[in-house]
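In the two complexes below, subunit A is the common chain; its partner is subunit B in one and subunit C in the other.
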Partner chain A sequence: MALYRLSAVRWSRYNPYYMEPEPRREVYVSEKEKDEERELKRVRPIKAATSGTSSSLFSDSVISKFINVMMQDGRKVLAREIMTQTLETIKRKQVEKYHTATETKKLEIECNPYNVFHQALENCKPVIGLTSIQRGGKYYQVPIPLTDNRRRFMAMKWLITECRDNKHRRTHMYEKLAQELLAASANEGNVVKKKHDLHKMAEANRAYAHYRWW
Partner chain B sequence: MQVRSVHSGSGLQLQAVAMETEPHPAKNLSVFRTTEADPARHSEQHAAQYYTLSPTHLRTVFPHGLPPRFQMQVKTFNEGCVMVRPPALEIISHLKKADYSKPALHYLLYGATGCGKTMSLCHVLHYCSTQGWLVLHIPDAHLWVKNCKELLPSSSRPSRFDQPVQASQWLQNFKVTNDHFLSKIKTTRRYVWTKRERTEEGRPLAELVEQGVNRVKSSSDVVGALLRELRLQAGQGDFRLAVAVDGVNAAWGKTSLKKEDKSAVLLEELTLIHNMRKMLNNDWCGGAIITALSQTGSLYTSRLSYLPQELLGQEGFDKMDPFVPVPVSNYTEKEFESCYLYYMDRNWLQHPNSKCECVNTSGGNAGWVEIASHVGRCWYHVTTGRRNAEVRVMVNVAPVNFVV
Partner chain C sequence: MAASRAAVVGSLFWKCGSCSTGTFLICTNVNTQLLSRQICATPAMRRKNLAAAGPQKFTEEFIKKQVEEFNIGKRHLANMMDEDPQTFTQEDIDVSIRPRRKHHPGDQVFPRQTAVQWGEDGRPFHYLFYTGKQSYYSLMHDMFSKILAVEKYQDRLRSKNLFSLDTKQISLAGSRWLLKEELEESLVENISDHDFARFIQLIERLVALPYGAAEEEFVLGYRRQLEVQSSKQEIQPLQYDQKGVAYSTADGRRKMSTASVTLKDSGSGKFTINGMDQLHYFPVLQDREQLLFPLHFARMLGRFDVDSSVTGGGRSAQAGALRLAISRALLSFLPEGQVEDMRQAGLLTPDPRVKERKKPGQEGARKKFTWKKR
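And then the complex of A and B:
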């Protein structure tokens, strides 16, 4: 059992002896914690939790990551405000559609904004990526596999840049994001199109796949 | 639960029968809704229940009166439902028993931000409207004392300033609410607007309002004339006048408007505010003055203040005195249950365990419950440290390593 943290995070100044904080409520309410772990927590020091962690039911790690990607100049409050408003807008639009729809259509409408967000992100994640590799003086776009983190980051980055650059300047960010997320969850919109273009490029360049040596 | 009427008699047997059939439909709709759509018949029996506003009433009675978040909610849920709460019931019971040959009574709704003053006011106005009163609703007096792009010097009086845009917009909304009255009430005096435009004595008020809507330049003076006419004629007994002002502390606060030479505009110099103050004076009979305080839009007041003395100031309090103070408080347990069930019914709450989060972070304040009910704001407030005073912890949690 790993008593000490094996992975050395580059910027962390904490002694590896320190343990991670546990924000989830269920761990304390139920009897899941074993006796040895509880003894450990009594003795060993615990790292301070960041301000972004929360024990709330509504906190989601993927959403927190999206907020961090969206944040500019360290303005976390603004980024979180935009995210909350986006989720509210998505919920409003879907609930409005729900109440004006027929009985059969009602079952298909997804009103939970978290599910809409996760579905949209899944639909925007590329399966394969391209990288620039130099061979004989020329640079070739070579298809490569992507890690999960890279795929998630690319999807989030595309969503945010699409909303910042390609929409009407007088609309609020939360409106633009809500529109884009709703479109992406239905496999429409510019971000999904961008993902498809990337896949096509990778398919077109599959001849150069052997240039990859890892 | 049946309500037995005080009088008995064969004429009221039908009423008893009608009341008996009510519980059956209510059972289908469950605890939080009531089928009683007439505010005159609301009582403690209907407390903490939602009643539905019909779409026609929403359009005619409240073209500008409802709070913006409630308007969004009406659009989302495809229906307008208002909760029946004790402050509104209290005012309605006073209105039913008041003597309208005596001068108008002041009613003042006060309470913390987000506890339901504007919604209670709208409930009372719905009652007045269904009873056939003439409703004069100023939705937010704070909008008249700030952010005015066009401030014209008044044509009629040298030291006054007009606000044409606000006045004409208000007149348009007034027309929507009280169309049926405007053709019946006649002017008592001749009004001269410019060299070529005048309104003769004995013309219907509809013409006066038309003048204000079409000729935007003289709309503030038209508002003044309209208020004067209504004040004089309400006492004659043809109709009853309900003057409703939300954010009444704006009438005795400060403005943020500036004249062209950058000096501040005083409140007395604004035509609209001057006329509103005359209306709020209880020297006329045949109606009621129902007002609500508001800190949210007010200028140069502390965010925590909500009591009448603090928000109205010395001058305002003296002018409003004597008034019937009606405190509006946070949701009780029953009201919160009702609200929660309503949101569940409308498919608004998505997370199955959202209830205790809502209670904890909103502390029972109606406005915060609405915000906390959708997502994420809960933890925003937790981590920035802004929480409401009463927080009831409904879940037993171990205190170790907790982030909250």
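And then the complex of A and C:
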């Protein structure tokens, strides 16, 4: 019955009837897949593509989202610059490691910075979250399930705050980010530790899980 | 001075409302004591209450007679115009009769209305008459019996171990459910929002059944087709200059910028904006990506010579305006299927996001003044 998708933002310039655009070229090559969705898209109006996305091979929706989260005061140019420098730094470090490694170790080293980034983000995403619920005058930390968007956002936010606050102030942001991403992709580092702490808290507060009513 | 005359009427005679023609019934002496009432009839009472009458109702015979007369008139007209009466369409009638014609009763579309629903003995025909919404409830009962029939069929299949979930489902893509008004029209009854919601719930339940495809035509009768969005796109035809080279022009807008673009099918990838090369005009990579987005998506990167002009707005807005203008100009060069792909990629929608106005009593569009408790 719900033909209208609930808009995530509380007020959007678009009518909720509008659907999200798909800028990637490869999706339009295959004809038969997802016929229902394609049929639905044929009869619905589509939103305009944002200025951060394009059909280029180098544009990645997750990376664009990360750039936006990292951006401060609307300085997109700077945020994008930091991101490209981070990816470059990751590549350099990994290639250096590759050339100094033994034959067996060479296969395990991931040189593609995009893959490193995605792996690191995956390792940082929490599985379960906590929320404050008031019961009988006291506030309890109750474990709740998280949506995919929320998990992704939490991982990105943790990475950025970790780099901004807990690192040596004389290092550049891209260096800090590269270090943290490489550590996270190997399941080490402060961000992954923070994720594990959250999981432990949720496990400890398992008793209050029934306080959640939704 | 024939003013209101008090008439003494027996209660037995006070039935139909049209007895106000000035005749007053005089009761018999028998029931004078018990049943007589003083009733003053004024001329205002005798006037017909037009508002209470409701929409004009026509009897079946009246409608039939009008239609017959219309057909006879149509045949006469066809004979007069020396045309074949059998194939004389409404358009021919409009052409032959002058615009200032009288309102032809045959043109009037009589709205569907309920016929009399009870017989001579006063007994209603339909078994659900006393629910008040007989067609609605009978429809709901029909649908539910269909659901039960499908479930029974499914149970029979299960008992024979022939039940499988990968049956063809009813395709609901490209159509929408009937609106409440449309359902009311088809049932010739008024239904409430709650009733309509229940109707939609029940029919969706029927659709959701694995073997519900048996009732496909029934369900599709309650769906209305939605028009395909890409058909609303206006594509300019290609123009050719003196040397025979194809070109097309288009405009685009974003925030406060307007751009105008000319695409020439020359074969070089030159890109000029306001006389400058795109690399000098847009030093930022993101803007150049935006300019090339539509051409890259359509796989026509090196084919065109782009000559454009843009004014107003900021860096990003100008890039967005140019992108929209290029996409629109590119439509003339593309085959049909690709136009729909461009639309689904979000290249053809003008971005409605503009700067939100500042409101009085606030610092900006959203920011409020410092809140002071007292």
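Keep this in mind: the second predicted complex is superposed on the first by the 166 of 214 C-alpha atoms of A that agree within 3 Å, B and C clash if a C-alpha of one lies under 4 Å from a C-alpha of the other, contacts with A are read in each partner's own complex, and residues count from 1 in each chain.
In this text, a contact is a pair of C-beta atoms (placed from the backbone, for glycine too) under 8 Å apart; a residue touches a chain by one contact, two chains touch by 3 or more.
From a predicted model like this one, the values you see are computed outputs, not experimental measurements.
By the touch criterion stated above, A:44 is placed in contact with subunit C alone, subunit B being left untouched. When the two structures are aligned on the shared chain, A:28 is found in touch with subunit B and with subunit C.
Using the contact criterion defined above for the overlaid structures, shared-chain residue A:36 touches subunit C, although it does not reach subunit B.
Of the two partner chains placed around the shared chain by superposition, subunit B and subunit C are both touched by A:56. Legend: residue contacts after superposition of the two complexes on their common chain; A:17 is shown touching neither subunit B nor subunit C.
Shared-chain residue A:139: touches no atom of subunit B or subunit C.
In the superposed model, A:98 makes contact with subunit B only, not with subunit C.
Touch criterion met: A:112 reaches subunit B, while subunit C stays clear of it.
Taken together, the two complexes place residues 21-23, 25, 28, 41, 46, 49, 51-52, 54-56, 59, 77, 80 of subunit A in contact with subunit B and also with subunit C. Within the complex formed with subunit B, the residues of subunit A that make contact are 21-23, 25, 28-29, 41, 46, 49, 51-59, 63, 77, 80-81, 83-84, 87-88, 91-92, 95-96, 98-100, 111-114.
For subunit C in complex with subunit A, the residues that touch the partner chain are 171, 173-174, 176-177, 200-201, 204, 226-230, 284-286, 289-290, 292-293, 296-297, 299, 316, 319-320, 324, 340-341, 343-347, 349-354.
Contact residues on subunit A toward subunit C in their complex (touch as defined above): 1, 3, 13-14, 21-23, 25, 28, 35-36, 39-49, 51-52, 54-56, 59, 76-77, 80.
Subunit B makes touch with subunit A in their complex at residues 72, 75-78, 346-348, 350-351, 353-354, 357, 374-380, 382-384, 395-398, 400-404.
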